[in-house]
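Two complexes, one shared chain (subunit A), two partners (subunit B, subunit C).
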Partner chain A sequence: MALTTAQTGLSRARRGVAPGGSGKPAKPANRKSKLSSQTRKTFFWLLLPSVVLLVLIHGYPLAYAGVQATHNGSLIDTGEFVGLENFANVLASDAFWKAARFTLLFTIVGVFGSWLMGLGLALLLRTKIPAGGVFKVLLLLPWVVPIVVSSTAWNWLLGTPDSLIPSMFRNLGLGTPLFLADPTLAAITVMVFKVWISFPFMMMMTSAALASVDTTVYEAASMDGASRWQQFSQITLPLIARSTYISWILMTIFCVNDFPTIYLLTGGGPVDATTSLVVLAYRTVFQDFQTGPGVAIAFLMTITLVVVSVILYRQIRKSSVE
Partner chain B sequence: MSAVVHAHPQSGPVLGVTGTGKPNRALSDAGLRGRWWRFALILAITAVVLVPIMVTVVLAVTPGPTSTSTGFTLENFGSVFSQTLASTWLQNSLITTLSTVVVSVAVAAPAGYVLSRGRSKAVSGYSLLLFVMQSLPIITSVVPLFILFAGMGLVDNLMGLTIIYVGSTMTVATWMMAAYFDSIPISLEEASWIDGCSVFGSFTKVVLRNSLPGVLSTAIFAFLLAWNDYLVAIVFLRSTEIFTLPMGVQSFFQQNQTDWTSVMALAVIMMLPPIIVFAALNKYFSVGGIGGSLAGR
Partner chain C sequence: MTIKSSVTSTAFSRRGFLGFAAAAASAPLLAACGGGSASQSGGSGVIKFWDMPWATPAYNDAAKKIAEGYAPASGNLKASYQTIQWNNFYQTFSSAIASKTGPAVSTGGGFQAFQFEQQGQIAYADKVVEELKKNGQFDDFLPGVLEPFKSDKGYVAVPWQLDMRVFWYRKSLFEKAGVDVPTDWASLLEAGKKLKTIGAFGFATGSGAGNNIGNHSMIMMMVNNGGGVFTPSGELDVMNDRNVEAIEFLLEMVSNGIIDPAAVSYTTDNLNAQWKDSKAAFGPYVLGVPARVGDTSGDIVVASPIAGPHGDKAGLVFPNNIMMYTNTPSQASSEAFLVAYMGQLKQLWQQKLMNALPVFKSITELPEFSSDPNNVKIVKEWQPIAKTFAAQGNSLNANLAVLDGGQALNQFTQTVLTGKTDAKSALQAFQSGLQSVLKK
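== the complex of A and B ==
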């Protein structure tokens, strides 16, 4: 008896069905109904402003970026057509590959660091804790506070050898770590900063997913003698897998495209140790005034992201149909 | 009492009750102790995590280097407004952000309605296009837009800034609206159609009227994006009287000696609106909705 309840409960919960639900995932009402021409016309007008903006803010610049990437121009002048020379130069430069490596590392640490922290806190906050609701709100602050503000505070805390945290290390006899001046340490600091900013987002995503899990499953599992770890790895993780997957995708996009987190804390330095691809593209265009190569870098990122995001979009849709 | 609470399955998988043979008394003590341990743990984590924010607030109310007062003071706020363009920056930020919020909702709501109700190839193609566009680095479009806007006098201009913010919020905003509209049964609309209402009429009178949480959620998203942006602002804004708050805060670091107490006073002013908005409307904002809008469609 207990077993059947557990299994139906489990399969129902996996499909996201609340107790007492119909056993079918809620579907929006039938939308296959044939559209009249009047309806089509209305839809056209409703969609028009969005399409115009998409073309103006996304479509046109993307096409023009293609033109710029194949010319040796500047911000004022388009310049001469140079074919794929900019791409060849960029791909042959050490700076590009160094930035690409840093972007990859920054993204991996950013996604999984913030996910682990967010997951841990979401699980902890799900249990009965005095004043749990207060903590839940307070822990969102790093994500809500503007990055310009938090980077200022982090700079004050560890920017110079005489800042608060380096002084504390010195007083404890641990030397004076140069958090933003030592290349390796600066890279670590930027990643910790990114995790600090991003974990509340992961916490919210995970909390929302956990809230929809049917809790009777756990009761049945513990009756069958499943340990806490087994319950977590065999039930909780599979049940929130789809939401986890989506949160990884979104965070990957946030990390790859991130500019302020890095730029405001280190400016990409020291000696380019924290220069990501976006920071490199920005500096190439607006500080070195090399529009062609700078846009080529951005364009290479764009092409990669288009391919990746189309694949991921398909995957998400496939997993949500199941 | 505590035993009852803890035996309830709601207490969760990880730290919940496992054994069933234990006497109730022991369970209650263990449960209670566990609760306070977890309280101590989360208190410690929260305290460490909030250090940068507490530092900001404390410095903002600490007397500056030239001040004669000791202890708590509010004079940093006075001096930052009287000696810098802080009030202009605040005004600029408010204008841009509020316009972005209004326009993006006005653009995203009708588009989201079409995505939610229309099921043609073109509509799902548009949905894919929105997903691809939002995942692209904004730096790619910033350079061409800079050149385009320079020709139209929209560089160093708050309207130019707003247009770009609307453009970059509308992709996610459209999904958020579409996901919310999906939860509104079409039967409500069908009833109004029978009463002779047009599609547009049912959209505004039936669907929109029942979508306040969806609209607020989208508005918060647009608010946070526009209020916090730095990349677009640093590219498009040149003169200090057009700066938004992020640029204003950063301008303190161009001086040789950073006036930390003034920066922090301005930083506190800058972080208050998002915190207030979030605190007031938190219950409407489900970040899960952003993910759900991707998955559910």
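== the complex of A and C ==
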């Protein structure tokens, strides 16, 4: 019975229903305003330059990429039309699927690793800790520092058997791990590096979402007998769900498109162990000079990202409705 | 300085969000296909000369002074100078050339001229060579440096500096290990084993992010054994016996710990640190290692070429070159500028700005260059036997750009350096990788 009361209370609290409230949402005000024909025309002409500019900036390269992906030429000369041959060749290559698997793993670890770390720190920073402001600034550093600097620092820490961290392992009798030379360790290192540079973003997103949660909701839940875990899992997480999904979508895009993190730390090696799709696309176009197949890889990435974004967007809408 | 020409709502909307997501998701597409940021220099009335950061910024300052100080003979155009960064340089050149905003004359990647020649963008330098014959510079070329640039249609470019790969060693480590400097592969193996006992590596290399010394080490050992990736007529020939033997030898050094097991991930900074920290005892590297790693005590010196098991000796050279483009306001002016610029190259070595060999004998005799015994040794012992990436052939071509920076060689190198392969399997994979990307 107590549990039922707590769950009912949590449910009401989560929906922001005050004790005694009906729980029915107020009717939204009609936001449509009737614009005169003249005003609409003015809006149209004011918007037109921006729209044209956006179409030129995004539309032209996209269209040109479509041309390149279906031709067998170079960056200067598009060459002959080959239809979907480049796509077929790319999809039939082992290198593509190996890179796709790494990209998937890198993205999953990057998104959820940084989210968990960001969420944990955001919750911690919400509590009153001494010098909380200083910690917030310090915790932002991995995100703020240019990746070229971070990757150099990580290389200094890990790059050779005599670097700081391998030396520590050796001194602890744990051998001398070759963090960047062993294919498995290199893949793990790159993912940890990605989590490290990304968690501040997640922390900021989560902090902003947590700040919007009314603390009286917790007070109400507490009065109804909800435990800390119940408050976290049934109030905090649902109330920040929309922000969480948005941050997941953004981080997914950041991870899939992430070129410098990988390229600066490992160059995609050793033996392609850390080659993601974007690194493969770059190398195919600019190192192998295979423009068509390289752009085809980029196209496939884009399509996948749009599909993933739509799926996650539906989750956002679902969470909004709930 | 003047040069005289020698010739004439807050609502979270579905549409808004999807628009943003699509724009963000298309970033790789834009990155992969988008045109580069080719910047324009000068107007149509000048010869645009694009140059790369071949050394410290002082080099580019000096080169700019030479280019912009060029005073053309009547009727010819002056020159402007612009530095192009190595980062995405091929994209920069390609997009500029495609949009007709590229240079009239440029330095660039070692095989860039051949890539653009394939696309009809290169103006042949035969008239420049004729002028060099007239002014005596042709006879001043070091042996064999001009021939690789001659194609069926003419000279694709003119060499101006030689980027050498030679063996260096640290004297004190050999003394400490009580072993002589290697003279052949057998002694290299033995020296490597003894050096290992003092914690040093007998074949220092690296194949990490942005480091191509590992790739060059592979090809260098092949040509050192009389092999190479191509036949003399330019056909792909990866699986020849000499190459197999060379890779077996490298794998033997890997398995004996003579090559650092972490070398596969070494950047140039890591490799420099290995040399500076007395971990690297012997290995292939570029010119000017002492200055590069910050040890000019005289302990790091150039070794003599070593003999392969069949007695072959060879080093590796990348003849960097200056090319002319068909998109020029005046071909005669491009040629006049190039001839004049070649005549002023010595200034760059006189000011000790270059980390490469000059192509002219007269510059190698300058006191500013010959005062370094390492330079003298490279000119005397290495340059005459140096081979290009085209080995076993001689003529350069566009395919070499794919070999030099491509994924096939890099993957092959890293596979060998990890040691988890055999020579024939590694070479087979290398050959397959090259076949899939080389132009027939």
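In this text, the second predicted complex is superposed on the first by the 258 of 322 C-alpha atoms of A that agree within 3 Å, B and C clash if a C-alpha of one lies under 4 Å from a C-alpha of the other, contacts with A are read in each partner's own complex, and residues count from 1 in each chain.
Operating definition for what follows: contacts are C-beta pairs under 8 Å (C-beta built on N, C-alpha and C of every residue); 3 or more make two chains touch, one makes a residue touch a chain.
Since we're looking at a predicted model, the values are computed, not measured.
With both complexes brought onto subunit A, simultaneous placement of subunit B and subunit C is prevented by a clash.
Of the two partner chains placed by superposition, subunit B and subunit C are both touched by A:Gly294. When the shared chain is aligned, subunit C comes close enough to touch A:Asp162, but subunit B does not. In the superposed model, A:Val278 makes contact with both subunit B and subunit C. Of the two partner chains placed around the shared chain by superposition, subunit C is the only one that A:Leu180 touches, whereas subunit B remains out of contact. When the two complexes are overlaid on their common chain A, residue A:Pro270 makes contact with subunit C while staying clear of subunit B.
When the two complexes are overlaid, the chain among subunit B and subunit C that reaches more residues of subunit A is B. Legend: residue contacts after superposition of the two complexes on their common chain; A:Phe81 is shown touching neither subunit B nor subunit C. Contact with subunit B, but none with subunit C, is seen for A:Pro49 once the two complexes are overlaid on the shared chain. After overlaying the two complexes on the shared chain, residue contacts for A:Pro61 are found with subunit B and with subunit C alike.
Under the contact criterion defined above, the residues of subunit A that touch both subunit B in one complex and subunit C in the other are 58, 61-62, 64-65, 68, 75, 152, 242, 249-250, 253, 256-257, 259, 263-264, 277-278, 281-282, 285-286, 291, 294-295, 298-299, 301-302, 305-306, 309-310, 313, 316-317, 320.
On subunit A, the positions that touch subunit C within their shared complex are 58, 61-62, 64-65, 68-69, 74-77, 95, 152, 155, 159-162, 178, 180-181, 183, 186, 242, 249-250, 253, 256-257, 259, 263-267, 269-272, 277-278, 281-291, 294-295, 297-299, 301-302, 305-306, 309-310, 313, 316-317, 320.
The touching residues of subunit B, when paired with subunit A in their complex, are 5-6, 9-18, 20, 35-36, 38-39, 41-43, 45-46, 49-53, 55-56, 59, 106-108, 110-111, 113-114, 116-120, 126, 128-148, 150, 163-164, 166-168, 170-171, 174, 182-183, 185-187, 198-200, 203, 224, 227-228, 230-231, 235, 245-246, 249-250, 260, 263-264, 267, 270-271, 274-275, 278-279, 282, 286-288, 290-292, 294-297. Residue ranges on subunit C touching subunit A, taken from their complex, read 12, 14, 17-18, 21-35, 88, 90-91, 94-95, 97-98, 115-116, 119, 121, 207-210, 260-267, 269-270, 273-274, 277, 279, 401-402, 405-408, 410-411, 414-415, 417-418, 437. Against subunit B, the residues of subunit A that register as touching in their complex are 28-32, 35, 38-39, 42-43, 45-47, 49-51, 53-54, 56-58, 60-62, 64-65, 68, 75, 121, 123-132, 135, 137-142, 144-150, 152-154, 156-157, 164, 196, 201, 204-205, 207-209, 215-216, 218-219, 221-223, 227-228, 231-232, 235-236, 242-243, 246-247, 249-250, 253, 256-257, 259-260, 263-264, 277-278, 281-282, 285-286, 291, 294-295, 298-299, 301-302, 305-306, 308-310, 313, 316-317, 319-320.
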